[in-house]
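Sharing a structure here in structure tokens format.
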Amino acid sequence: MALDKNGIAKRIAKELQDGWYVNLGIGIPTLVANYVQDDIKVEFQSENGILGMGPFPLEGDEDADLINAGKQTITSLPGSSFFDSSMSFAMIRSKKIQLTVLGAMEVSDQGDIANWKIPGKMVKGMGGAMDLVASAENIIVAMQHTNRKGDSKLLKKCTLPITGLNCVKKIVTDLAVLEVHSELGFVLSERAPGVSVEEIVSKTIGKLFVPDNVPEMSI
Amino acid sequence: MALDKNGIAKRIAKELQDGWYVNLGIGIPTLVANYVQDDIKVEFQSENGILGMGPFPLEGDEDADLINAGKQTITSLPGSSFFDSSMSFAMIRSKKIQLTVLGAMEVSDQGDIANWKIPGKMVKGMGGAMDLVASAENIIVAMQHTNRKGDSKLLKKCTLPITGLNCVKKIVTDLAVLEVHSELGFVLSERAPGVSVEEIVSKTIGKLFVPDNVPEMSI
Amino acid sequence: MISKVIHDLDEALNGLEDNMTVMFGGFGLCGIPENSIAAIRKKGTKNLTCISNNAGVDGFGLGLLLENHQIKKMISSYVGENDEFERQMLSGELEVELIPQGTLAERCRAAGSGIPAFFTPAGHGTEVAKGKEVRIFNGKPHILEHAFDASFAFVKAWKGDETGNLIFKGTARNFNPSMAMAGKITVAEVEELLPVGSLEPNAIHIPGVFIHRIFKGSAFEKRIEQRTVSKRN
Amino acid sequence: MISKVIHDLDEALNGLEDNMTVMFGGFGLCGIPENSIAAIRKKGTKNLTCISNNAGVDGFGLGLLLENHQIKKMISSYVGENDEFERQMLSGELEVELIPQGTLAERCRAAGSGIPAFFTPAGHGTEVAKGKEVRIFNGKPHILEHAFDASFAFVKAWKGDETGNLIFKGTARNFNPSMAMAGKITVAEVEELLPVGSLEPNAIHIPGVFIHRIFKGSAFEKRIEQRTVSKRN
């Protein structure tokens, strides 16, 4: 069965390693924070200027001076720090953030990503996404395998305006975990519980390498 | 009579204006801080990371964590701030410091300055001088009119390695106040009490413009 | 002696003219210079080019200047949380330049640091790179970006003293420090305006040298854009 | 779980090898990482290229590494307050590269900010500009300078917590923050090492994300280079 949003977030949470600093984008990526394993410690960065972001505040404890990059009210954990935007992107560009998780509209088999603009629709802007994908060494995309029309979002080449080139390392969708390999394209490494390799193949347009054995994810 | 070091510093102190931020170099420039007029307030910046530098500490109050760019122990005044070196030169390069006073070995009639290196002698380095002269819009040089051998330090062209080009606006020596004009060269605007125009002319090699009336400095 | 402390908002805006480029601190509605924005609305200055990470919402933040048709162009990283913005943009009334957020911040910081241009990897291979110089460093393409040039910067701080030293709070810091450094004239509004000597010199985020005018804001609504809470058990 | 806290100085230097490029915070003798320098002297690592504003004095600061012939090259803005330095430089044993102080700071900050190169006016028309690209911005020539590339940065802070958050004191801050950002491995020694949560998040100068190893220095001599005092009346 295809994963729901929380399932995707749970699977991504398994990628987290002890001591990592992590930037989570808006949407599914934000949910990853809910599934950090108990035996590791990671610190969440939000590019508007906080390290050590905690959960949403309890009702009544909201502080207008404490938000994340999605403009949601948040809390800060012991050991957190606040800093300005230039410092925030200094740490992003200088690769101090070990993992960046973000959503996408399209990903190519070369690791290109498009997630900021749909021609003809109101453009909201790239926010910090272009800075993040241009510098992060470890980018996981969290998204649905297909769009609302059922078309594959894993393409040979992005059709939408690019956010960054050759940057995505791994993709976790409702159907599969795929790694991006410079020659093989998408490498299918895991399938969602009960989802067949055939379904994934049929819903992937980009170059796809299917190993002999594709295990089911354990979440 | 030629001015002594304190006389030069006193004359330069008269250039200070209320509300200015000022960077004083090592040597005579440091003395300027002793002669700030009572009815104005200026803040002294030292490029190692302080605004609001105060006088030397009283004996026994020295703090190893509180020094100026000359590595001397100092104090900080109410309203002072500490910052790092990149921030310090950010304010210097972005022209937030209204006046820079520094010493020189040579100045040319085009406003070039040489003050960091004598070929054949041990080179100590430029410290912050090159950054200061490259960015400051208002640079006053405090120096003796001639060197120890009696040779003029006000030249057509610097013979020593350059610290910066076309940057010096005014020179206060033991003999005179001179302004640097792009076409006229050095313009003699004041002479030290009792010093003749002839003496200044004879000790100035660079192009010198002498107005009809050259008043004595009032200090 | 000269004082940076402003008592009358007209004074704070002295010199602000039509067609100028102006920076506004804040991220979303967090840490925006509410009082200065209200004063600019009242003054009615037109055709402003505004550098701000976002463009406010309907009826608040820069939305107030948008609905009064005072903004000619927005330079931002993320916009459109705002119906009036969308309407003006689609009708061609409002020009919009979108810039990656880190580049936006660094172009402010560069302006305040006397660095006219720098290379960044952000935006390479995208439409952001169009017409820009590309150069390889460490095997990776970077694009050349330039410092902004803004006549005014309006920023908001938590505490300030009468020489203009500023301390920000939480994530309300965001673009405020870099923009404070960048303005030819920087106007700071603060929640608490304290006498000289009240702030710990080690704890100051932006030294007063960057601040030209400072005032205590009379009202801070601090509207929350996305109120998100955890349930109490 | 992983801890950044180091209890044994050998651990702090783990990975430090001959021929590496290493940054040292401090201005003169103010804010230098005394304990790390002592440990490097003991370890005996050779042929180091050291990026540091100054080169210490005889018997203290980087002077300790100089007299032990561990330094191949100094990259500094001001040197030679040190007989041994002068001797090694004049004999050709020590290579010296002099850089304007602001450029030195900005090249550190650039390295820690993912900015590979930037333009600055400092040094134009001087021997510092030799071989460097010159470009005019706003009618004024600027030269292109590059980010440093250092394997290690050793910095000294006043207070730190166990996640590496740092607070500096007075003018002992100087180059420490920018170098802390720049090191591939950054080792911070602090006067007070506090549990997580002890530092006010608004007051942190360098967030722990930049710090890889942290320890409480066992001894800080804090020698004063130019003791200058006013007379008591």
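In this document, chain identifiers A, B, C and D correspond to the written order of the chains, with residue numbering beginning at 1 in each.
Here, contacts are C-beta pairs under 8 Å (C-beta built on N, C-alpha and C of every residue); 3 or more make two chains touch, one makes a residue touch a chain.
Since we're looking at a predicted model, the values are computed, not measured.
Between chain C and chain D, the least number of touch steps comes to 1.
Among the remaining chains, those touching chain A as well as chain C are D. Chain pair with the larger contact count among B-C and B-D is B-D, by C-beta pairs in contact. Each chain's centre was taken as the mean of its CA atoms, and the one lying most distant from chain D is A. Centre-to-centre separation between chain A and chain D, using Cα means, comes to 36 Å. Averaged Cα coordinates give chain B a centre that lies 29 Å from the centre of chain D.
Our note on geometry: chain A versus chain B, Cα centroid distance of 56 Å, whole angstroms. Across the assembly, chain A contributes 50, 76, 82-83, 86, 89, 92-93, 135 as residues in contact with two or more other chains. Counting only residues that touch two or more partner chains, chain D has 106, 109, 113-115, 120-121, 168-170, 173, 201-202. The complete set of chain-chain contacts reads A-C, A-D, B-C, B-D, C-D. Within the complex formed with chain D, the residues of chain A that make contact are 18-19, 21, 39-41, 43, 45, 50-52, 76, 78-83, 86-87, 89-97, 135.
Those residues of chain B whose C-beta lies close enough to touch chain D in the complex are 46-50, 55-59, 61-74, 76, 82-86, 88-89, 92-93, 112, 122-131, 134-135, 161-165. Contacts from chain C toward chain B in the complex involve residues 1-2, 109, 111-115, 161-163, 165, 181-182, 196-197, 199, 201-202, 204, 207-210. Touching chain B in their complex are the following residues of chain D: 27-31, 53, 76-81, 86, 89-90, 96, 98, 100-106, 108-109, 120-128, 158, 168-178, 205, 222-232.
For chain C in complex with chain D, the residues that touch the partner chain are 106, 110, 113-121, 135, 137-138, 142, 146, 167-170, 201-203.
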